[in-house]
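Notes for the one structure printed next.
Labels for the chains are A, B, C, D and E, by order of writing; each one numbers its residues from 1.
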Amino acid sequence: MLKYILRRLAMLIPVLIGVSIITFSLIHLIPGDPARSMLGEKASEAQLELLREELGLNDSYLVQYGRFISNILRGDLGTSIQSKESIAYELAQKLPATIELSLFAMILAIVVGVLAGVISAVKQYSWFDHLSMTGALFGVSLPIFWLGLMMIWLFSVQFNILPPSGRMTTGVHLETITNFYLIDSLLTGNWEAFKDVLQHILLPGIALATIPMAIIARMTRSSMLEVMRQDYIRTAYAKGLKRFIIIFQHALKNAFLPVLTVIGLQFGTLLGGAVLTETIFSWPGVGRYVYLAVLGRDYPIVQSTILIIAAIFVFINLLTDILYKYFDPRIKYN
Amino acid sequence: MKAALLEVRHLHTHFFTKSGTVKAVDDVSFSVKPGETLGIVGESGSGKSMTAMSILGLIPSPPGKIVSGEILFKGEDLLKKSEKEMRQIRGKEISMVFQDPMTSLNPVFTIEKQMVETIRAHEKVSKKQAFERSLDLLHLVGIPDVKKRIKMYPHEFSGGMRQRVMIAMALSCNPSLLIADEPTTALDVTIQAQILELFKKMQDELNMAIIMITHDLGVVAEVCDEVLVMYAGKAVEMTYTKQLFDNGKHPYTLGLMQSIPKITPNKEKLEVIEGLPPDLRRLPKGCHFAPRCKYVMERCLIEGPDMTKVSEHHTVRCLLYEKTKKAVKQ
Amino acid sequence: SKDSSTTDGSHSKGGSGDEKTLIFGRGADSIQLDPSKVTDGESIYVTNQIYDTLVRYEEESTEVRPALAEEWNVSDDGLTWTFKLREDVKFHDGNDFTAEDVVYNFERWASSSEFIYYGYMFGATDDNLKGIIENVEATDDYEVQITLSEPNAPFIYTLAMPPFGIASPKAVEEYGDDYFKNPVGTGPFIFEEWVPDDTITLVKNDDYFGEVAKIDKVIFRTIPDNGARFMELQSGTIDMMNGLNPQDIETAEADNNLEIIRRPSMNVSYLAMNTDHDGPLSEKLVRQAINHAVDKSELMTLFEGIGKEAKNPIPPSLWGYNDDIESYDYDPEKAKALLAEAGYADGFDVKLHIFSNPRDYMPQPKVTAQAIQEMLKEVNINVEIIESDWDSHLEAVENGKHDMAFLGWTGDNGDPDNFLYVLLDKDNAKKGSAGNIAFYKSDELHDLLKEAQIEMDQDKRTELYLKAQEIIHEDAPWLPIAHTTPPLAAHKKIKNYQPHPTGSEPFNLLDIEE
Amino acid sequence: MNNLLEVKDLKKYFPLKSDKLFSREKPMLKAVDGVSFSVKKGETLGLVGESGCGKSTTGRVILKLLEPTAGEIFFKGENITSYKGERLRKLRKEMQLIFQDPYASLNPRKVIEKTIAEPMKIFGIPKEERLKKVEEMMERVGLSSYHKQRYPHEFSGGQRQRIGIARSLVLEPELIVCDEPVSALDVSIQAQVINLMEDLQREFNLTYIFIAHDLSVVHHTSDRVAVMYLGEIVEIGEVHELYTDPKHPYTQALLSAIPEANPYAEKDRIILKGDLPSPQNPPSGCKFHTRCPFSEEICLLKRPTLKQVSRSGQMAACHFVKEVVERETSGMLSESAYK
Amino acid sequence: MSLQPSPLPEPHATDQNSIYEHQGQSMWKRTISQLIKRKTSLIGFSIILFIVVTALLAPVIATHNPTAQSITDRYLAPSSEHYLGTDELGRDIFSRIVYGTRISIQIALISVGISLVIGVILGCLAGYFGRWIDQVIMRVIDVMMAFPSILLAIALVAVLGPGLKNAMIAVGIVGIPQFARIVRSIVMSVKETEYIEAARAIGAKHGRILFQHVLPNSLAPIIVQATLGMGTAILDAAGLSFLGLGAQPPTPEWGAMLSDGRAALQTAPWVVAFPGLAIFLFVLGFNLFGDGLRDAIDPRLKE
């Protein structure tokens, strides 16, 4: 197992190198002068030139790429042009918000999606099946930015029961330990804050969870249907096992495998969707950070953040692969 | 004469599909006595497996449904039992071994887990006891190095070994009836010989009744006391094995026996049953075999014959023998 | 500090605590809290609370009043300025404020081109980092003398600009590169905490030399989306906000709890026509035709009551505004005639560069652009709209890549020079860093503006500027669009809030009454 | 009689992916490991053995659908081992293949007329001739010409197998490798196809290599039979002789394992212990020694070679059978499969 | 897994094998009849048909000029004059949505076209020739897949510059890996089938095998993916427009309309609601139809 993980890690290297080349070259093709973005509308040409020199923008691309990589390997993600803050530091500030939102959405998606999928498969063609599969179909067809706006309109404007933006009401006190507010508020037993944080995360969480939830539900259903047709399920019935055990142990453990892969891939949807969701819900996370950076052409941020997100995504997929192995003893790793 | 352990009477199992009703089992009757082996032979799709599944109450529903008939097991009609009662019978009183050992075991659980859960589903024993019993059973069916093997996953076993595991699992609660659905079809000949040997040994030791489903007349000849021949969902002939080989009556049975190549010094051209098995959704009127039958009569295309007794313990579904029936009656 | 993400006490919700906290919602975070290095309004809005300048603007106008300097005078040649400083001022870090500190700050600003506003307002270049400020000297513990190399009429007004807030030299030295996030000044509020992209918290300075703040704490919260920010205001999680969608003004006005506060206008938005490109826009007649083709009154409806039609580059609130000029009237027929006269009877295709985010002087650039697009279509001019974010837009227009472009200006110091010279003088029509994005080059105008810069007599300057506006009107390098009164929305419990035309004001007079 | 095909020490190894990150030695799966035999014109050579013993691979290598790892193939006396490109394509006319799975071996997107005509098209036979030939061939294998425009899914398994046979016959090849042509068919259909193949052989003077795992079928169809075990031929000989007097213990076990359709037969079964070892990691010496009831030390150490064990040319690879050059009837064990 | 000897084939002839039964040229007939039987795919098809007809007849259906402004009539609520109300410039939302169908169809076709052509070529090369070609192509695909797709699209548009054309290109590029992977795996499995071996055995050359045998048999999943891809393309392109990176004014692209209307969410929610609904309907149509198509062509392809 360890060997497998190491091997898989080794296989990531070319992917990560490719990713770094793409991020690097993408950003260097972006038109516009970063020096000007940095100094603003009132800077002189000489000031700009000075800054370009300072940032190494006048070096050849190869030199710049080499510097980019060696910096990253040293944990230095560069400095934001606009805020002049270390990007590693800023990312560390925003990552928890995105991770908390993504995990919340993913857990929501998995719990609801898998449950709905299993029930739909077991009660194929029942009203529940029709309902949840229609829901799932709607889920994959909805533009989430629209869904987000409509939810804001409904819950924040019309009913005014849920807040439209942010992670927490300004003024609510919370000791932060992990920077995951839900966890922190639980750890400190701060129920007022927990309630407030939960209210804030609910709408963006649902918006973000919609697509993965729908896809997981559909996948679980078809995977369950497939598994329920398998011989070993027939064997389990013939052994006189209880239906509940057959469904939730024998069938689900097998059916979960393809779902697991999908879950891994859906993290991509989630991380991408975070750009839209965080923008709509003013969520102070990485998605909004990178979007604002694209608009402001703060390209060290775009470069590093996209690289980090891609790396996270790649590692999540590695993780699902390993989990897959954990769940499926048949896999040989070659 | 011993009382029958299982008696199936006029079983009809149909599948109601969008493209029509499939009469997978269409008037099948037979009985099995304790300690005896009944063979069910027939071509692919003739309804052998569905007969077995009907007994266990495992017909996939929808679209399948047991339309009519009785299945008396130890005198009680299984069709009248609740799902919960059936669960107590499956795996304990009647257990089953399936055709494909590669897919019949759950790939994500160890052998131990699958064995232990079977035992504990039916008997109130501790995990430890169940584990011990599993070891014994696996040993009994000839798995070497049991202690190590039991911790493994199915994919780490060869086909023959898996089939042994399946058999061990089927035997775990001392069933009085074992249904084996083509247990050796997926195996190589040398392995098939091993498994058939194992069946015989188990039957000797445990004295259970076996229903052996197969399409191989060789297997029938080797292990069965009695045979039921099926064609297109219908039972067409039933009798003692020797009687069938010596004095088979139904034209289909005869054709079947002639069309298998035999290892005899003089190679003759094979006898052939012309034509194809019918589509169960569009069965011909009259006798289902009529379109392929060498002895077909005009009546056969109109009238579906019933099972007729041609001699003591020998019934045939063919109009050729209807006269005999009348004779016997008189 | 990183372990406490926000503050305690939830005043905004029910007024239970005794502390008075103002939560101010805005669209973007500050970039830096060192005002001498930034140009963006959101940074200055905060630093204006933390720092004082030698002189400050009056509450409602750009006239100046004493602040750190109690009094000042200028020599007759206009070259030597003497400031008498207050003696009771302490920095937030506890150090006394003295003349040496002023000298330190001026020297710091003149030490590098990083200090953009200094260079910009005092004409510093890379060769001459000091610009027109020849010498700054502490003539006494509490007296500073500044010597200029040439007279500069707006000088005293310039000193009131927030970028020239006096920082604590000790703190600057101590924090070094991190000073921008650890600001120490003398202002009415003391910096407490900054959570980037989220909140900046300030607490009141009880030792403030001026009017001590009525409220205990100010939290600036960043909520990028205008609509979301307004919803937060409605639900009471923030007390006040800027950057209101014009669409929401009506809703706010209808809300019993809310109030719209309009900032006095000192800005202009315009459509610049690149006179540098060969082709139709280099023709005065065409530019005039375009001025005739646009129905500004119609456009004003898109400003939802916060905009006033513009006819000059400078806002009417500024001295020197030429109200005698007659606006080009909306007359498509005349426009067509002018176009025909110029040889473009069949019209032409043209690109209009616009920016995507709303700005104070133009709350709905995209909508406005589309409206103009449609109006110009009437006179056969086909406009293609090219939208980019603010930075790309600036880059494009400063390099003259555009045919036509939207832009605007908010006055920094209340001097007409700050509009006319910056935006329309040929000195500023250099590709790459153009302020004059019409690339309009008029020697006549140049002479007038130069003369006005060194003239110290206000009446004479007024004359010069009136004349300048006539020239501009005739040559029509722009389609002036509007002067706006940018709206803020606040809960009614906010009292005594006086927005300043320059776009930022200290909060020390503001109060919260439940 | 002339040898149409001769195979000498044929090997086919498949590289396996290594578990180790970096390793010099590539593990190999020895699917075919030193096989030699010849086929005479007009005869049928049966190839039997358990699943995975390398029957299909042997067939494919002979047809050059797989490149042999080692060894030589002679077709009509010519060494075709290294044939490539155009020369190989020419050869295809003479050697054809019939597949096991009648469902997978026909392109589901082509009407059967096109499928049958495709080989001729490739070899540039004019359209007219093609059409004629297709009709002829279809009729010959028992399909009506109104079937021409149908798709494979509209046929039953047996019919599809007939289509496959027609396709392999249109170029009038001399050698046909039949890879389990009937094992996917029901008993009653199986007989139909076997009969057809026999008729065709006579009619076109075909040479068959008939691969099957069903010993009765092989017995029925073949003139000579080769028994394979783990990539090697363990015994080869004339069919009657081999079935009545198998010399190799594996052949004996195999034959005794067939369940016979005769309820009176009382057989002394030789039940082999254990499973077929994996070809990735075959046993040393005689590959059969792990399951052989007679195995001794020498079997672990030394690999036996095929040697002639009867005068008529039967050959077996076992340390314990005597080499026979003269006529001699002796085997270590002898038991008739005939009863 | 793959190296274990395969079990002997089951002697089944009549049932199963649906994977083959469902193919064949008459697949189309079969597919169509299957599609008609399914309510959902019929609904999906009707939606698509409805959209296409709307696009064709846009000038007839629209009640107003989609770009004509009437600033004084801005933000009018839905009424009999303006079925879906008016937007920030007083344009008729109904008419804009009607004309927007043309743009959406164009986006769907062009983006999917780009992904399809490039993806199919790459997938075929990788799947058919294998070895280093496969290695190289798949590594590149891996790298592309390492980016969340919307993020990659945003980055691409940032490079290419905002605009509808570039958004379509970006969405198309982002969709390539999906196609390439699907095509590759199908080609690989088709390549292993016996009828391909049969083709080789009769001496067919690569070109013939690829175009006569492999591709026609890989078509069904490609078509399914293309249908489903249309929905995704619209969603992605609308997302880009929503972020201001896609269609530019006064193009009545739905995502852009939604984005422009956002400021008026409180006062005039219909400006946001209806374009969103249109996107939803469009995507739903393709998803329903694609699902149905997949089920009809081959139930085993499901998910």
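One rule holds for everything that comes next: contacts are C-beta pairs under 8 Å (C-beta built on N, C-alpha and C of every residue); 3 or more make two chains touch, one makes a residue touch a chain.
According to UniProt, the chain labels map to these proteins: A = Peptide ABC transporter permease; B, D = ABC transporter ATP-binding protein; E = Diguanylate cyclase.
Small disclaimer: the values here were computed from a predicted structure and weren't measured.
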item: Touching both subunit B and subunit E (chains); value: A, D
item: Set of chains adjacent to subunit C and to subunit E; value: A
item: Subunit A-subunit B separation of Cα centroids, rounded to whole Å; value: 53
item: Intercentroid distance (Cα basis), subunit E paired with subunit A, Å; value: 23
item: Separation of subunit A from subunit C, taking each centre as the mean of its C-alpha atoms, in whole Å; value: 39
item: Interchain centroid distance [CA atoms averaged], subunit A/subunit D, Å; value: 55
item: Sites on subunit C at which at least two other chains make contact; value: 225, 227, 231, 356, 389
item: Residues of subunit A touching at least two other chains; value: 31, 152, 157, 279, 295, 297, 330
item: For subunit D, residues contacting two or more additional chains; value: 51, 156, 158, 186, 189, 213, 276
item: Contact set on subunit E toward subunit D in their complex; value: 3, 5-9, 11, 13-14, 17, 20-27, 193-195, 197-204, 208, 212-213, 216-217
item: Complex contacts: residues of subunit A adjacent to subunit E; value: 14-16, 18-19, 22-23, 26-27, 29-31, 137-138, 140-143, 145-147, 149-150, 152-153, 157, 218-219, 222-223, 226, 258, 268-273, 275-276, 279, 290-291, 294-295, 297, 302, 306, 309-311, 313-314, 330-332
item: Contact set on subunit B toward subunit D in their complex; value: 43-44, 158-161, 188-194, 196-197, 215-222, 241-242, 245, 255-257, 259-265, 267, 269-274, 276-277
item: Contact footprint of subunit A on subunit C as seen in their complex; value: 2-13, 21, 23, 31-32, 38-40, 113, 116-117, 119-120, 125-126, 180-181, 195-199, 219, 221-225, 227-229, 231-232, 234-235, 237-238, 356, 389-392, 394-395, 398, 432-433, 435
item: Residue numbers on subunit E that touch subunit C, as the complex places them; value: 67-69, 71-72, 74-75, 88-89, 162, 244, 248-250, 260, 262-268
